[in-house]
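These notes concern the structure reproduced below.
So that you can tell them apart, the chains are marked A, B, C and D in the order they are listed, and the count of residues begins at 1 in each.
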Amino acid sequence: MLSFPLIVLNFKVYPEVIGENGIRLAKYAEEVANEYGVGVAVAPPVTMLSRIANSVSIPVFAQHVDPHPPGSWTGSIIVEIIKECGAVGSIVNHSEKRVFLADISTIIKRLKENGLIPLLCTDTVETTRAGAALYPDILAIEPPELIGTGIPVSKAKPEIVVGAVDVVRKINPSTHILCGAGISAGEDVAKAIELGTEGVLLSSAYVKARDPKAILSSMAESAIKAWERNR
Amino acid sequence: MLSFPLIVLNFKVYPEVIGENGIRLAKYAEEVANEYGVGVAVAPPVTMLSRIANSVSIPVFAQHVDPHPPGSWTGSIIVEIIKECGAVGSIVNHSEKRVFLADISTIIKRLKENGLIPLLCTDTVETTRAGAALYPDILAIEPPELIGTGIPVSKAKPEIVVGAVDVVRKINPSTHILCGAGISAGEDVAKAIELGTEGVLLSSAYVKARDPKAILSSMAESAIKAWERNR
Amino acid sequence: MLSFPLIVLNFKVYPEVIGENGIRLAKYAEEVANEYGVGVAVAPPVTMLSRIANSVSIPVFAQHVDPHPPGSWTGSIIVEIIKECGAVGSIVNHSEKRVFLADISTIIKRLKENGLIPLLCTDTVETTRAGAALYPDILAIEPPELIGTGIPVSKAKPEIVVGAVDVVRKINPSTHILCGAGISAGEDVAKAIELGTEGVLLSSAYVKARDPKAILSSMAESAIKAWERNR
Amino acid sequence: MLSFPLIVLNFKVYPEVIGENGIRLAKYAEEVANEYGVGVAVAPPVTMLSRIANSVSIPVFAQHVDPHPPGSWTGSIIVEIIKECGAVGSIVNHSEKRVFLADISTIIKRLKENGLIPLLCTDTVETTRAGAALYPDILAIEPPELIGTGIPVSKAKPEIVVGAVDVVRKINPSTHILCGAGISAGEDVAKAIELGTEGVLLSSAYVKARDPKAILSSMAESAIKAWERNR
């Protein structure tokens, strides 16, 4: 369902992603994925999950999901409702939507039981080690202090990326590892892959770009090249 | 946009409301609204807002909305995204999704600024007095200990309903007042209206009914009769 | 138990208040209270409540209290344990420790049932109106964006203070009203009282002062003078 | 500072532990520790930390601590203030006071940097694996559904205890492991140690016992015997 290297585009709830604009941003992502043969996934606002999953063939993730089973949980976003929309998985524990340890474990379990993919976010080497021990399919390390800064984690804190790759390999080698925060250009993506990750998680650099398709194309091209060099 | 007496159907995230079943439940609600001339609104899971708003002409509410403006808020449900789906408003502060006082105020303000309707839930006469002071368009008093019990608040705790109606009338007479928790039959709705409310908020009695349309029809009929008696 | 005008000193968990330093800060406060005949109360870290209540005769508040009754609530701070320490009340819903609406109501009720004084914090005129409707003994309006800035609310946003005084007088005239945020000098306290409040809530300007007793004395003197002018 | 086998007595905020009664319960614990040569630690309400640490020579833990550094955090319980009271460590992430993954990591780090002992609670084998990866000094597995039931985890769910011991040994052999929930008698403690733990965490069985010292003595005796058999 997923192919690597993988670029995950977190739409957050930026004004640029609401409604038709968000669908267009998802379609550009699909075009770049097809053109470059790189994995691209999108995580739109929860209200747009079904529309976007119906509009594109690339994987669609929820940005968050609650631990509850179906039932009397007004206002919750549960695994079964994101699955029904066509989501293939969910981001879990983004630094803007933190989750209790016990609930992270429940969410990962519930996603897997329903055939969906947990993409767990962590913020340090320590929490990456803990997160890897919960066996998510994908883990993305994102130092929150770099989010939205344009200062790429892969350049500013390469030791955190390398450290995270290292602990994930030791604890659960089958977990795919991404990095995020400040990723803004093709070279940041290349650097992330050179450090041992299998892709990146980004948001504003794509969503707020003057020419989102151009920037994503440049990232895809750099990702593929770095990926082939790494082999 | 809303007509009274009003029956608000909170779908929560019950298994019975996911996907096509939820759309069918919304359509029954629309049929009953048209047949009996009673106000009926539905609050489906957030992932189904746009599909249901596109499928029916009755008002559709979100079950919850966060206080944030558009921006870097991964996983949040914001006013602008529920509005884009066609929601006319949102439940705020349901006892299953409690909200900080400061955030309730922000949410009510943001909903109104965007032309949407806040439906604030409170749990006691005291919190109803506080809630009314925030000037929501609709306020629903729901003692949480009766939710899902089948013991209707309008019969078990009429003094709470009367007390809530009273404080709302004093603080802000233009706020519409509903009551909820345990509402299961037409007579519970009639009783709620006799106590001074303008309708009810219910969930499992509709969603999990063997024949949801029949039970809603019975409630609609009782509501209209009680409404006319009250005039 | 309380006398007005009242200066409430919130110690937060600043490094300057831990251990003997905190006790000294409480004693200075007592000395100023006695010398100037102004009300002064202190809100030390919860671990120091009993030591400070045993060391001074001025009123001691907790900074926060949870809504739970005694029982199986690991890690909670409940009304009964702060009372046993000699606290006369608690701050409720400080902007650094926000509380759900339903819990604010429960906390205020539980404090009063135990003979303690709720000091409710609110952040806008709207939340002040809602908060006043919960009948706290004291209400302090503190726009959070001014906290710690040294820009006094009484000068920067007098309309918020006046608006808050106004809604409190209308909803529950027996509630004492304070204001806070940015209060750093005697003239800020005087201005707050001239705007109709009965005192102030402050923190860093006292706790981090080179000469805390001097600054508090100056505030006490200004408070008394403004208080007498207002009569 | 700690000796094993270790019995940790979580006082929670039961009515039986407030004030002088709590001090007496701590003194009984000290007497049993001295008499039987078993490790016993107490975790009183946060308001009583300094009084109890001054009254007994056995280790005293906080029940919870927040991740913040000293500063502008009204109502927080921080590492520096529990240390100043004489606490030797803190329970972290009790199921009644759950914590975000990122904050657990910060709390463990801050406790260690201040020379204090983190006692991390987890609820399943999965969260134990994650928790062990954060290198707490002590880890206690407590299935929350058994807390307060009198049904001991060591008998009802031995596979969870064995599984937890196993993952902790693999991830970080220097972490001490306890189990809790439903521990009510000496034989439950013996069974816990036979399963590979180094002690237990309990609450109501001690705090609410007709004769707390007798029940703790019986547990201490069983603990020592099981400990010697295990060698």
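Methods note: a contact is a pair of C-beta atoms (placed from the backbone, for glycine too) under 8 Å apart; a residue touches a chain by one contact, two chains touch by 3 or more.
Keep in mind the model is a prediction, meaning the values are calculated, not measured.
*Asks:* What is the shortest path, in steps, from chain A to chain C when you may only step between chains that touch?
*Replies:* The least step count works out to 2.
*Asks:* Going by the average position of its CA atoms, which chain sits the greatest distance from chain D?
*Replies:* B
*Asks:* Taking each chain's centre as the mean of its CA atoms, how far is chain B from chain C in angstrom?
*Replies:* Centre separation, chain B to chain C: 37 Å.
*Asks:* At which residue positions does chain B touch at least two other chains?
*Replies:* Chain B, residues with two or more chain partners: 95.
*Asks:* In their complex, what parts of chain C are in touch with chain B?
*Replies:* Its residues touching chain B are 93, 95, 98-105, 109, 122-124, 126-127, 129-135, 167, 171.
*Asks:* Enumerate the contact residues on chain C facing chain D in the complex.
*Replies:* 10, 12-15, 18-19, 43, 45-51, 62-64, 68, 70-78, 80-82, 84-85, 91, 94-97, 147-148, 203-204
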